[in-house]
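In what follows, structures are represented as structure tokens.
Heads up, the next two complexes both have chain A, just with different partners, chain B and then chain C.
Then we have the complex of A and B:
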């Protein structure tokens, strides 16, 4: 008899969701995390979309340590001198309150506590050393020479899944598969936040930008309001950072903070925390085999995330993949079959959910996010068009068609090239 | 077989605490809770003693219910059981009622051959509680100890004293306070932590102890905090000296007769 029905390695959103799903169905679950309190070292940009979470914790909106609900979502481009932003504020967000800013160092320990309440044994402060294998099957975890056994091990160890890699369950991470996120938390009084962003005491703003002022790098940036702080940061592709010899990513975040449209928003704030984290951006191409004899891989460890340059999501994919792995384990327990064949159900569940559907739909999205024009030429073109249209400087007015043409010419882009490029971006996004 | 106790405290991580300017108390809300660092060394000293001479280790803390995680962590290192003395009437205690309550818990549990404590806590740095426990129990004591041996019913301990080290022999029962970095504490293991989780923590309240309410908690505390101030961080000189300024500096020093 194994010690547990399931061992979950990693108390992030995916791991805790898996543990809650299994423990609430009566499975004996061990959830291990390196940090104490569990999950406190986890980091992400900070917007949580909770549709999936609501399935396992219906009262999450009133119980979880949330910062502000997203009432206002902005996306846009920043150039050296300008910001071009779409500000989407809708009653629909306000009525549903599904998107919230969170601070993971508070949210994740709460989620792990929910796993404990559901009946899981939650052990914080322990780093699992390796996976225990027997006859080609994963049978448990190894720590300090002790083997703790389980019918199934769920690997929720995050973006750089050392255990999975060392056990040969996936290849080591490649540069193209990840971006580097660098984040700062800037303390600012609730009063200032609410005044500056036109918010109430509970509503919040989340914006994402394409930074059009960096020549060699396709960098995105984010800016979210918490209760009494701002989460902001940049996201840069590892491959480009390496190719351009950029080692000081903090220079990029400084540039973002000093941008004329960002600096006034954080004025008077003090940096309270900073951190960096890798983000899965390899799409379908980086997804490993997701299950096998005695194991399943969930969340970031499986490469689940979505990014198109202007939208960046990961936590919802983590919840859902964790829950689906949990459900699979519950069904496997009922059949008493944790073989490769039985756990293939996890893949089927992912296929019929938005997790793998999204990754398939957007399989070519990296061609957009890797498109240099998206990050340099088009923001400048857009800036040029708006200057022509919105700035009166005693010149004869031009038609949009002619503005577009002259802006393209200024940036050494042919009309045809621009048109085909737009067409492909349109098709892939 | 030695009956060993370790008295420990969960403290806010000293990096994250500030002082509330109104209430003059520590603002711990932002801080992560950790085991007071020298208490981890005290636990390691207890485990080493047990490994060498045999025994059973009980870790004891007085604190709020959430302090159980501190006990579980130390049981993960190798302590055998954990006792949490928790009760609203214990709250707000200074060092006198803390030592009194912990000594009473030790007594209530049937007494110990040796009680280890950390030299002091990082959140108040008094170093009172260990010696206080010894006085309340009428035990022998040794403070600021980094090495412990056990011979013929006596403890041979090495104490840090200013500029020197003292080796003394004390009888049993004894209270020994251990210095920070006296040893290299082992990491908790997964297996032991699971064991600790299964075994659980024993909670002791004043219903069991029946201590006089005027001797415990805030009521039993003779200390009154009159004021508390935060010292601002020293302002760093923003002008950095360059190589070209060194000549000027040297001539200024020569002028003042500091350098000849």
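Then we have the complex of A and C:
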């Protein structure tokens, strides 16, 4: 008899969601995390939308340590001198309150506690050394030389999945599969945050930008309000960083902070924490075989992340993939069959969920996010158009069509090239 | 508001494992590296060039794993730190 029905490696969103799903159905579950408290290695660079979480923890909104609900969502471009932003503020967000900013060092321990309440054995501060294998099957984990066995091991290691790579369950990560996220927490009083961003004591703002002020790099940036701090950071694709070769990742975030539209927003704040984390960007092409004899891979470790410049997904895919792996384990336990064949159900469940549907729908998105024009030419073009339209300089006004043409010509873009580019971006987004 | 990287890293909490380096590099491989991309990629300035030679320290590492991808020469060996050691984010 194995020691546990299931061992979950990693108590982030995916791992804890899996543990809660299994333990609440009576499986014996061991949830381990290499940090103590759990989550102390994690960074959030996104908004937590709780639709999936609500399925396992219906009272999450009143119980979880959340920062602010997203009332105001902004997306835009920054050029050297300008910011061009769509500010979407809606009563619908206010009434539903499902999107929240979170700080993972507060949120993850709460979620792990919920796993414990559901009946899982939760042990933080355990670094699993390797996976135990027998006859081509994963049979447990090795810790301090001891083997702890389970019918199934759920790998929720995160984006740098050393165990899965070591055991040959996935290839080492390549440049095109990841971005480097660099983040800072800026302390600012709740009063300042609420005045500066026009918020109430519970509402918050989330902004995402394309940085058009970094000539050679396609970099995105984020800026979120917490209760008494700002989370801000940059996301730089590894491919871009390597091709560029002369920019330190730790300098890019400071360039973002210095931008004329960002600097006043953090004026008077103090840096409270600096950190970095990789982000899965390879889409469907980076997803490994998700299951096999005695194991399943969930969350970031499986490459479940996505960004099209408008939506960033990671934490929500983590919840759902963890839950689906948990459900699969429950069904496998009922059949007493944890073979490759039986756990294939996990893949089927993912196929019919939005996780793999999204990754398939947007399989060509990297052609958009890698398009240099998106980060250099088009923000400038947009800036040129707006200056021409909105700046009164005592000159005769032009039609929008003519403005577009002259701005494109200034940036050495032919109308045909621009139109073709727009068409492909439109098709892939 | 703009801070030097060392000053920023100073804001982050660690429990440094003085007896175990969770990342090791092979100096013989690094000597011949054509790009030293790790120096640009590492967000924690663990990799620096000193007198034309790559210098590595693990103490400031925030465990993002970037160097394990950035190094395409087979020099970087990346393991998880021992239980509970390494970076401890207070906010995350």
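We take it that the second predicted complex is superposed on the first by the 425 of 429 C-alpha atoms of A that agree within 3 Å, B and C clash if a C-alpha of one lies under 4 Å from a C-alpha of the other, contacts with A are read in each partner's own complex, and residues count from 1 in each chain.
Basically, a residue touches a chain if its C-beta (ideal position, glycine included) is under 8 Å from a C-beta of that chain, and two chains touch if they have at least 3 such contacts.
As the structure is a prediction and not an experimental result, all values here were calculated from the model.
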- After lining up the shared chain so the two structures overlap, which partner does A:249 touch, if you call chain B first and chain C second: first, second, both or neither? second
- Query: Thinking of the overlay built on chain A, is A:162 touched by chain B (first), by chain C (second), by both, or by neither?
  - Reply: second
- Answer with first, second, both or neither: which of chain B and chain C does A:40 touch in the superposed model? both
- First, second, both or neither for A:182, with chain B first and chain C second: second
- Touch check for A:261: first (chain B), second (chain C), both, or neither? neither
- Which chain makes contact with more of the residues of chain A, chain B or else chain C? C
- Task: Look at A:278 in the shared chain and tell me whether it touches chain B only, chain C only, both, or neither; answer first, second, both or neither.
- Result: second
- Message: Under the stated touch criterion, which partner chain does A:126 make contact with: chain B (first), chain C (second), both, or neither?
- Response: both
- Would you mind listing the overlap between the chain B footprint and the chain C footprint on chain A? 36, 40, 124-126, 128
- Task: Would you tell me which residues of chain A are touching chain B in their complex?
- Result: 3, 30, 32, 36-37, 40, 121, 123-126, 128, 141, 143-144, 146, 148
- Task: Using the touch definition up top, name the residues of chain A that touch chain C in the complex.
- Result: 34-36, 39-44, 103-108, 124-128, 159-160, 162, 172-175, 177-178, 180-182, 184-185, 226, 229, 231, 238, 241-242, 244-251, 254, 257-258, 263, 266-267, 269, 271-278
- Residue set of chain B touching chain A in the complex reads 32, 69, 73, 76, 187-191, 193-194, 197
- Flag every residue of chain C that touches chain A in the complex, lowest number first. 1-3, 5, 8-9, 11-13, 35, 37, 39-45, 62-66, 68-70, 78-84, 86-92
